[in-house]
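Following: one structure in structure tokens, then a few remarks.
For reference, chains read A, B and C in written order, and residue numbers begin at 1 within each chain.
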Amino acid sequence: MSAIIVAILVVPLATSLVCLKAAARVSRMLSLTSSGATFALALALVTSRQPTAAVAGWLRVDALSVVFLVAVTFLYVATTVFAVGYVRPGASPAALRYSRRFFAGLNLFAWSMTMATIVNGLALLWVAVEVTTIVSALLVAIDDTDGAAEAAWKYVLIASMGLGIALLATVVMYYAGSTVLGGSYELSYPRLLGAAAHFPHQIVRLSFGLAVLGYGTKMGLVPVHTWLPDAHSEAPTPVSAMLSGSLLTVSFYAILRFYQVTIRAIGPNFPRELLLVFGLASLALAALYLASQRDLKRLLAYSSVEHMGILAIGMSFSAPIAIVGVLLHVLAHAAAKATAFFGAGSVIRKFGTKDIGRIEGGVGALPWSGPMLLLAILALSAMPPFGIFRSEFLIVEGGLSGGGSALPAVLVVFVTLAFGGLSWFASQTMLTPTPDGVVRGEANAWMPASMVIGLVALVVLGVHPPPQLSGLLQRAAAELGAHR
Amino acid sequence: MAAIGASPSTLTDAAEVVALLVLLSEFAMLRSSLSRSQVRLYAFQSLCVAVLAGFVAATRHIGALYALMGLSFVLKVIIVPAIIFRLLRDVRVDVTAGHRLGVASMVMLAIALSVFGIVVVGRLPIHSRSLPILALAIATAVILVAFLLVIVRNDVVSQAVGFFSLENGVSVASLVLAAGLPLIVEVAFLFDLLVAVVVFGVLMRVHHGRARTLSTRGLERLRG
Amino acid sequence: MAGTELAPAEIQVLQDLTIVVFAPLVSGAITHLGARLQGRRGPRILQPYYDLAKLFRKETLVPEGASWVFLAGPVLAFACYLTVPLLIPVLTAYPLPLGYMGDILGGGFILALAGFAVGLAAVESGGPYAQLGSSRAMTFGSLVEPSFLFITFTVALLTATDLPYFEAAKVRSSFGQAIYPAHVLATVAFFLIVLSDTGRIPVESHASTLEFGMIDEARTLEHSGVPFALLKWGSAMKQLILYVILINVFAAPWGLAGSRQVGSVLLAIPIFIGKALAVGAIFAVIDNSFSKLRLFKITEFMAAAFLLAVLAVLVLYLGGR
């Protein structure tokens, strides 16, 4: 088992380094194999019932890590498939350089996110998340446009400031631990969780608040989400998909680790209230902003903010079933958002613009990507039989059974609002007749293929999640204190 | 350091004065109008932080902190300013692009933020064996003023220096709260900072390449 | 002589006399030193005495339309400057009877009253530059007040009183106290306040005749003869009084007489003058090293002084000492 973890550590990194120098075809094939292998390795960890450690305890995988690892590696596979079709091979030196940088960056980005889920301890977690920021900032800027430069600068500045706060949160948590564990320890999860019951309360509260604020910046919680729409819309589409699908979830994972320690120290009330406040703000703001968007990828970015809000609200419900719903939502949202971005990428390629007002007749112009994009949008709006329906259903049920129907009702209202915005977009762009000047047909087979992968995963999650996966989700929810 | 046993209060007082210098250099960065002097102030601030690390190493007898002090000195006092100076030389810009509020208003706001930060920390039940609690309060004030710097200033170098000084503030806080953090973790933090600096430098050049200026006033395209 | 003790009343009179007699000397010495630093020979150190003597012989002119306030202002100011030395530790380390009459705030109020009288007289004169200087002085003076108050709070937090004598005693109690952070901050903040109140670079250029830059200096433009002499003498006295507070309360309160012996009290006089000349030398060096701030940037200067004063109070709030 620990060999698997080491392999997950090594494979994407090695691929990234090779892609820096390799020819275009080689780097594409290598990325595909690497991503597929990493995903397979992650799936192999799904059935392990005990936490596994590796590399002298620097790496550690428990059920919670595996859930997020699966999400990240799945997105790695899907995005690589899409990217092979999206990044057009060209003979010019500029195209070659772009392709090399792009694939090296893509693999490195995926590596850093998998690292974040498998490292052991809050300090190393911070280091990994910081690496993701740095790599993704370079990837956002890789398209040489004014918008990309602006978005990349805002992103790296705001995200780094947020991570500075998160570092402060880590240090404060270290101090809380040092009152029990002594002057020098390494912030690993088992030690923290073992001693958390004796941590001083006010310090832990401060640490959790700072962690939500700091990591929430990278997660896209309102009001520190301001970099998100810009970065997600200006980055190249595969990067946007990974940003929305896995980077936000990795930041959520970091918050969850702090949550784990905090509920053992001071009980669940304060963390839940704090997450509720941020979640509601994110959901409300995103739902309202969705309606006024003109840029296709910005629309999807705000949808990501909305779903992050749903995740935070879900964590604030006290029923265990809500936490299972939240973890399922992590997986389902990754698949759905990625598929939506892939479709958007195809549409933007076909029509040459991101402006919703100028795109018409998507279904006709793109016989595969068009309808699949439509399905992905419906999936994002929690339409059955897709996974998000099941996860949001679980969350709402958890909210209702936990007592009080006000909050689930508010949740449903805002989700409906968001659905309104998304469906307006869908009808405007997809279901209208295709104008005459547009060439019908897909650009290549890779891009729709990635969408098929995503939709299949969504259907599996929604209709019948495999029992191993359900078991994993239950174990992860238990680790998050679901039985309290 | 034979004076440790004899008069610990003098050493603590000296440490407090150095910590105050960290905060005062943050204020000076806030009002400085030349990019170069901002970077020099950052170098001075990092020097003060390194001196504080030396204090903690001496009073708590943590040998690893000496190594950390040396590393952070090399990184933050020499390498980071060198990178930014190189950028400034390449783009040939000297005067910062200005700020959204007047200087006196900025200083007043910064004073208010510092007071808030210091009073809040004063209420926390924290007892540190390495540095006086004043250092933590000052670190909080430095972080808040660094946020103000980034928000109010209109050019990329000021914003970058603001972020680096925020990291300085967090370093001082970690000296107070987490002096015993294993060396390997601290080295990881520093290495991370170095890479972040490189990326910041790259993106600053990208920005300058596209906008022909270091000002961020034109970054208004993406809204809503 | 060795056993003779002075009565407290006599020591108080001696304090006042010290300030009155030696104020022009300090002023002249600073001007002379400033000229030397610029490479000139400069006026005699005793020149201000000659100037005062000359002014006492000149006739007094009053502008048309000015009332008795114009003549009363300088006299009132001089009276205030004679009162303040009774409250502060000029020569002695122990409080004198009248010293309890007012604390630091009281002393500050009396100084402000003097400034108010001079400013009012300037406005009475009707001359445009005098009124300009007067209004500027009022504005910038009010900006200094918050810093001054916070410094008073610092003293109060440190000694649980705000009598200057006790602050001085605390600073003398150990060497470590001198570098105590709150103390250092309060001292630097007060140094900046003295700089602005005595009209020195970078707030105002002391000896220039450029009216557009004048703040305090412009207020005396319309006076002549004896009132003018009183104003000049008064401003030199104010400078020395502020030096007294800076030196004997904050920075270097050593060398003050510990007993009522004649010898120790008389010895305290040259010690104090020596310290005042040293501080004056610092101001002269600053005069020649920096340039005058533009008027609207003076608010930044005040903000810096305020920042230091606020930090001093916060440090004490946290340190608990």
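Miscellaneous remarks
Just so we're on the same page, a contact is a pair of C-beta atoms (placed from the backbone, for glycine too) under 8 Å apart; a residue touches a chain by one contact, two chains touch by 3 or more.
Note that this is a predicted model, so its numbers are computed, not measured.
Any chain bridging subunit B and subunit C, meaning touching each of them, is missing here; the list is empty. Among all pairs of chains, A-B has the largest number of C-beta pairs in contact. The chain closest to the protein's centre is B, with centres computed as averages of CA atoms.
Chain centres were defined as the mean of their Cα atoms; on that basis the chain farthest from subunit B turns out to be C. Mean C-alpha position of subunit B lies 38 Å from that of subunit C. Here the spacing of subunit A and subunit B, counted between their Cα centres, is 31 Å.
If you average the Cα atoms of subunit A and of subunit C, the two centres end up 66 Å apart.
Listing the residues of subunit C that touch subunit B in their complex gives 176, 179-181, 184-185, 297, 299-300, 302-304, 306-307, 310-311, 314-315, 317-319. Those residues of subunit A that touch subunit B in the complex are listed here as 123-124, 126-127, 130-131, 133-134, 137-138, 141, 144-147, 149-154, 156-157, 160-161, 164-165, 167-168, 171-172, 174-175, 178, 182-187, 200, 202-203, 206, 229-230, 233-234, 289, 292-293, 298.
Against subunit C, in their complex, subunit B makes its touches with residues 7, 9-10, 13-14, 16-17, 20, 23-24, 27, 31, 103-104, 107-108, 110-111, 114-115, 118-119, 121-122, 132-134, 137.
Taken together, the subunit B residues at the contact with subunit A in this complex read 124-126, 143, 147, 150, 156, 159-160, 163, 166-167, 170, 173-174, 177-182, 185, 188-189, 192, 195-196, 199-200, 202-204, 206-207, 209-211, 216, 219, 221-222, 224.
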